[in-house]
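Two complexes, one shared chain (chain A), two partners (chain B, chain C).
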Partner chain A sequence: MGITFRKETFRDDFTFKNSPEHIRRFPFPFHEDSYMYAVNIEPHVLGPKGSVLETLIDVDEHYVAEMQDRALVLAEDPLRCQSLPHMTLAGWDLLELLMEQQALGYPEHFTLTRDGDRWRWINRPLGIDDSFTFGDVSTLPYGPMEYITRQSQGDFCILDQRDGNLWMDAGMVTTQADWSLDFDIGMNFFEWHAPVPLAHEKGIFVRALKFLTNIQQGKPARRLNWTMTINPRLDTSPENYHKWGPDRTTVTPENVGDKVHLRVELQSFWRLPRSNGIVFPIRCYLIKMDELVTQPKWARRLHRVIRDLPEELANYKGLTRYRATLVEWLSKLDDGSPTSPGFGPD
Partner chain B sequence: MSTGTTKLDVVVSDVVPVNELVTRFHFRRRDGQLLPTFSGGAHVVVEMRDGERTRLNPYSLMGSPLDTREYTISVRRDDAGRGGSLFMHRHVRPGMEMVISYPVNLFSLDLRARKHLMLAGGIGITPFMAQTAQLAAEGGNFELHYTCRTASLGTYADVLKERYDRRVRLYHDDRDERIELDRLLSSQPLGTHLYVCGPSGMIGWVRDRAAALGWPTETVHFEHFAAPQPGAPFDVTLALSGKSIRVGEQQSLLEAIEAAGVDPPYLCRGGVCGQCETNVIAHDGKFIHNDHWLSEEEHRSCKKIMPCVSRFEGRSLVLER
Partner chain C sequence: MAAKSIISRPVYGTLSPQPGKHHLFVADAEGALAITDLAAKAPYGFFADAHIIFIPGQDGRHVAALEALKPAQFYQGPSFASALPRLKQTLANAHMGLRLYLAGTEGLIGQAMQAALEAGIDHTAIQTEHRGSLARRIQCVHCKGITEKVTTQPATCSHCGLLLLVRDHYSRRLAAFQGVCINAEDRSEIPPTEEIFR
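Entry: the complex of A and B
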C-alpha cells in the first residue's frame, strides 16, 4: 500500500499536521515525569510495528514536504550543506547506507539496483530515476552526500574520527534546533558541545565520546533529544533567527495548542565502512500541543516535565518566554493521577 | 551496553603458504553474501576452537577493501607463542567453518593527509596491503618503506613491488640495509602523515625520532597489538560475579575471566582499544602491565588493569568483574 505523503508547509502558512496514526507513533521522549540529562544511548535496533523504529531509517508522511522545504533552504543558503575535501569517501558511505536502508524499508517507494559499481536508484515519491557509477562524483548531479541527503529526512552530520576525537567535517543541516553547520564545521566533539550547560560538569561528554569512537560497523546506536518550537518550523537556524526568534513572543493562552510544538530528535550513530567515519543522522519530529494532548498520559507527563525543568535547561532550550503560559495551559489537563511507565501512549 | 562486534559465519575458502613462516587464509561468507565493506587498517578477531579452548586472535585484513567477496589475513607462525598461530597453521584447512568478528579499524588512514608515508617491519606489512590498495584506487599519494630479515621472508614484497614499483622501498637485514630514518623524516612535504606497524622496537624508534624531529603527534600513527605473554599462574577474585579463578601459564587474564563465564567487552585483545579496562578493588602483589592503553600514571596507580595482555604476580588480586 505505501505511505500517503501529505502536502503541507513548514513556513509561511504552516499547514503541517500529523495524521492520527502519526500522532500515536510520535517518539515521545519522556519515560518518567521529570527530565535531566543522561547518557541515554541504546542500540539502534528495530522497534515495534507502528513506531518510528519500524525501520532504522524512518520515512513518513512528511517526506515529500520536508524535501521540498530543504530545497528552499538550500536555494537561499548553500552553506547549509558542506563537505571538507577529505570527506567525499564518507559521502559515498552515507549514500550507500541511505539508499540501502530506504530501499529495504520501503520497497514500494525506493529501488536500488547494483551491478558492481554501476548503480540505479529509483525514488518514486520525488520522481527520480538515476543511473550512476559508485565512487565517480562526475556521474551524479551533486556530491554523494548532498545528492542522497536531498532525498532523506533529517539532518546529517558526518564526523571524521582521528586523534581519539570526532570532527564535524561534513553535513547537511537544514532542520536544526538553533545550531549552525557553517559555524561548527571542522570543530571537534568538545568544541561543538561547549555551549551545552550542566552536562560538562557531569562528565557526560567525555563518556559519550568514548562510546561514540567505539561504535562498531553493523551496530548502530541511538538517543532521543528534545526541545520546543513555536510554529511547525523545521529551519530554526541561527542564520534565520530573525524569522523565528520573535515567534516566541507570540504565544498566548488562546493559541498554545496550535502554536507550541514539541520537537524531538531521533539521533542515531553509525560507523561508516570505507572512511571509518561516523554518520550522525538527526531526525526531527514535530507535534503540536493540540495533537499531543489527545494522549492523556503524554499531557499529564509533559506538564510535570516542563513545570519542574531546571532553569538553566529551560533557558538553553529557549522556553523561558512562554514557559509559564504553557505550564498553565497543560495544568488543566493534569488531574494529578499517576502516569504509566514507559514512553508510549496508554 | 556491550560494545563488542557482530560475528560473521565464514568458511575457509583457501589456505596458501606464502613463505617458510607465513600462511595466508581466505574467508568467504557461509551464506554466499558479500562480506561487510571495510577500510584499510581494519582487523578481524578470528575465533579458533582448539579442543576445550577458544582462542581469539586479531589479524589485519590484507585484501583490497574494494573486493568484499572474501577477506584475507596472513598469519606468521610463532613457535614460542601461546599457540594461536600454530593452530592456524596446523589445523585450519579449506572448507573449515569458522567465526570471525566484523571488521574494526584502530589503525585508520588520516584522509586529510597530502601524503601517506608508511613504515613496515616484518609481518607488520599486512595492514599496509589493504591501505595501499585503497589509496591506489583513489589516486592517493603514498610511499612504503618495508624492512624484512631476508628476501625470502619479505612477505608480499614481490607483490608490492609489482603493484607500486618505485613507491615501495625494500630493506633486508641480512644485507645490512637500513632505513635512513632521520633523512626520510626530514625530507617529507608539508601535510605528510606517518604510519608505522612492526615489532615494538621499531615502533618505539620511529615514534622517538619523529618526535625529536618535530613531527606533531597527530601525524604519527602506529599499530601495535601486544600478544598476551605467558607467565606464572595467579589467582584472582571476581567481586561482581563472586567467582574465584586461576589464570594459567599460557592463558591471558581475559581468557580466564571468559572461561569462568564472565564476558567483558573487547575489540582488539591486544592492549590497544581500551574496551576490557577493569578496575582493581584490592591487591597484594605486583602488576605486569603490557598494554598501550593506560597511561604510565594509571599503571603506577594499581587501580586499573587491561586483562587482555597484562598479568599479576603476588598473593591476591580482586577485580571489579
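Entry: the complex of A and C
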C-alpha cells in the first residue's frame, strides 16, 4: 500500500495538516520535561514500524506538496541552492544515496535501475522518468545535487572535510529555520554556528565536530533539533523574514491551537563514499498545537518545556512575542501529573 | 576593537615581516601606519621586493611616509574599486613566495582578502592588522545588496531601504557582515539609531 499524498499548501491559505497516523508518528523532541542543549547525537538506525525512523530517508504524506513549495521558493530565489565548484562529485554521491534510499524504502513510488553508468530513475509521485549517465552532468536537467534534492524532503547541506574541519560548501536550503545558505556557504563548522547562543561556551561544537569528522561510511548518525513557527510555513528564511516575521504578532488566545506549530528537525549525517564529504539532511516536521495536544503526554510536557525555557534560548528561537500566550493556553492542558519517560505518546 | 564577539567575526593581528620573495601590501588610510610600524622591524632591503597598494583617506595623509620606504612598486588609488583590477592581476601573476599584508579598515581588509581567496590564497596565510575606522561593510540578507561604511546600529540598507540590525556574523566569501531587518515583525517599532562603528 502506497502513501496517499496530501494536496496542501505551506503559504497563503496554509492548508497543511497532519493525518491522525502522522500525528502519532510525529518526532516529538523532548524526552523529559525540560530542555537544554546537549550533544544529542546517536546512530541513525532503523526505528519502530509506524515511526519516522521506519526508513532512514523518510518520505511521508507531505512529499508532493513540499516539493511543489520548494519549486516555488527556487523560482523566487535561486540562491537557496548553491554548490561551490569543487562539490560536484559530492553531489553525485548524494544523488546516489537518495535514489537508493527512496527506492529501497518506497518501491511502489520510486524505482532505480542501473546498468553500469547508465541509470534510470522513476519517481511516480512527481511523474518523473529520466535516464542519465552517472557522473555526466550534461545528462541531467540540473546539477546532481539540485536534481535529486528537488525530489527529496528536507534541506540538504553538503560538507567538505579538510584541515580537521567541516566546510559548508554546497546546499539546498528552502525550509530553513532562519539561517542563510547564501551567507554561510564556504564557512567552517564553528563559523556557521557562530550566532548560536550558549552552546559554544559549553563546548558543544568542539565535541560535535569531533564526532562528525569521524563518521564512517554506512554508519550514519542523527539528532533532533526544534523551534516553533507561526503558520505551517516551510520557508522561514532570513531572506523573507520581513515577510513572515509579522505572523508572530498575530497569535491570540483564540488561535494558538491553529497558528502555533512545533517545528522539529531530524538531522542526519552521512559519509559520502567518493568525495569523503558529509551530507547533512535537515528534515523538517511541522505539527500545530491542536494536533499535538491530542496526545495528553505531549501537551503536559510541552507546557513545562516552554514555560521553563531559558530566556536567551526563547529569544534565539524567536518565541518571545507569543510565549506567554502559548504557555497560558498549554497550562490548561497540564494537570500536573507526571509524564512517562521517553519521546513517544502514551 | 570589538570587546565581545562571535567566532565568525574576523580576528586581526599585527603585521610583521615574513620570510618571502615578494611582499604585497594593501592598505587604506591609517593602515599605512601598520606598514611603517612593520618597516621599523623589517630587515634591510625588505621593501626592495615590495609592492604597496594604498588608498588614502579623504585627508590624503601617509602617502609620503609610504613612499619613503622606497618599495619596488607604489600605487595610490582613489578607492578600493579602482585598485581592484591591479590587485587581481598581481594576485593572478603571483608566484610561490608572495606574502600578503592587509591593513586598515575592516572593509578594505575583507575585500582584499576576498580577492586573495578567489586567487587561491588561504586566509590563514594572510597577515592582517585593523587600523582606523570601525565602519562595517554589510550585506542585506533580504535584497543581497552591499552597503559600505556603515557606522550606525541599526542601519538602513542603501538598496531596499529596510532598517537592518548589523550582526557580528561575518562572511569572508562576501567580505561582509550580515544585516537582518530589525523590525521585521512589527515595522512600527523603530529602535533608536546609535553611531557605534566609528
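Keep this in mind: the second predicted complex is superposed on the first by the 346 of 346 C-alpha atoms of A that agree within 3 Å, B and C clash if a C-alpha of one lies under 4 Å from a C-alpha of the other, contacts with A are read in each partner's own complex, and residues count from 1 in each chain.
Please note the rule applied: a residue touches a chain if its C-beta (ideal position, glycine included) is under 8 Å from a C-beta of that chain, and two chains touch if they have at least 3 such contacts.
Bear in mind the structure is a predicted one, so any value in this text is a computation, not a measurement.
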item: Chain B versus chain C as contact partner of A:290, first or second or both or neither; value: neither
item: Which superposed partner A:238 touches (first chain B, second chain C, both, neither); value: second
item: Partner chain(s) touched by A:192 [first = chain B, second = chain C, both, neither]; value: second
item: Touching partner for A:258 - first (chain B), second (chain C), both, neither; value: neither
item: Touched partner set for A:89, first chain B, second chain C, both or neither; value: first
item: First, second, both or neither for A:276, with chain B first and chain C second; value: first
item: Contacts of A:180 with chain B and chain C, given as first, second, both or neither; value: second
item: Residues of chain A that lie at the interface with chain B and also at the interface with chain C; value: none
item: For the chain A and chain B complex, residues of the former touching the latter; value: 41-43, 84-87, 89, 93, 96, 160-163, 210-211, 214-219, 221, 273-276
item: Chain A contact footprint on chain C (complex, rising order); value: 6-9, 139, 141-142, 144, 162, 167-169, 171-174, 178, 180-181, 184-187
item: Chain B residues within the chain A interface of the complex; value: 1, 3-6, 36-39, 41-42, 65, 102-105, 108-112, 134, 138, 218, 267, 273-275
item: Touching residues (chain side chain A, partner chain C) in the complex; value: 79, 180, 182-187, 190-195, 200, 238-242, 245-246, 248-249, 321
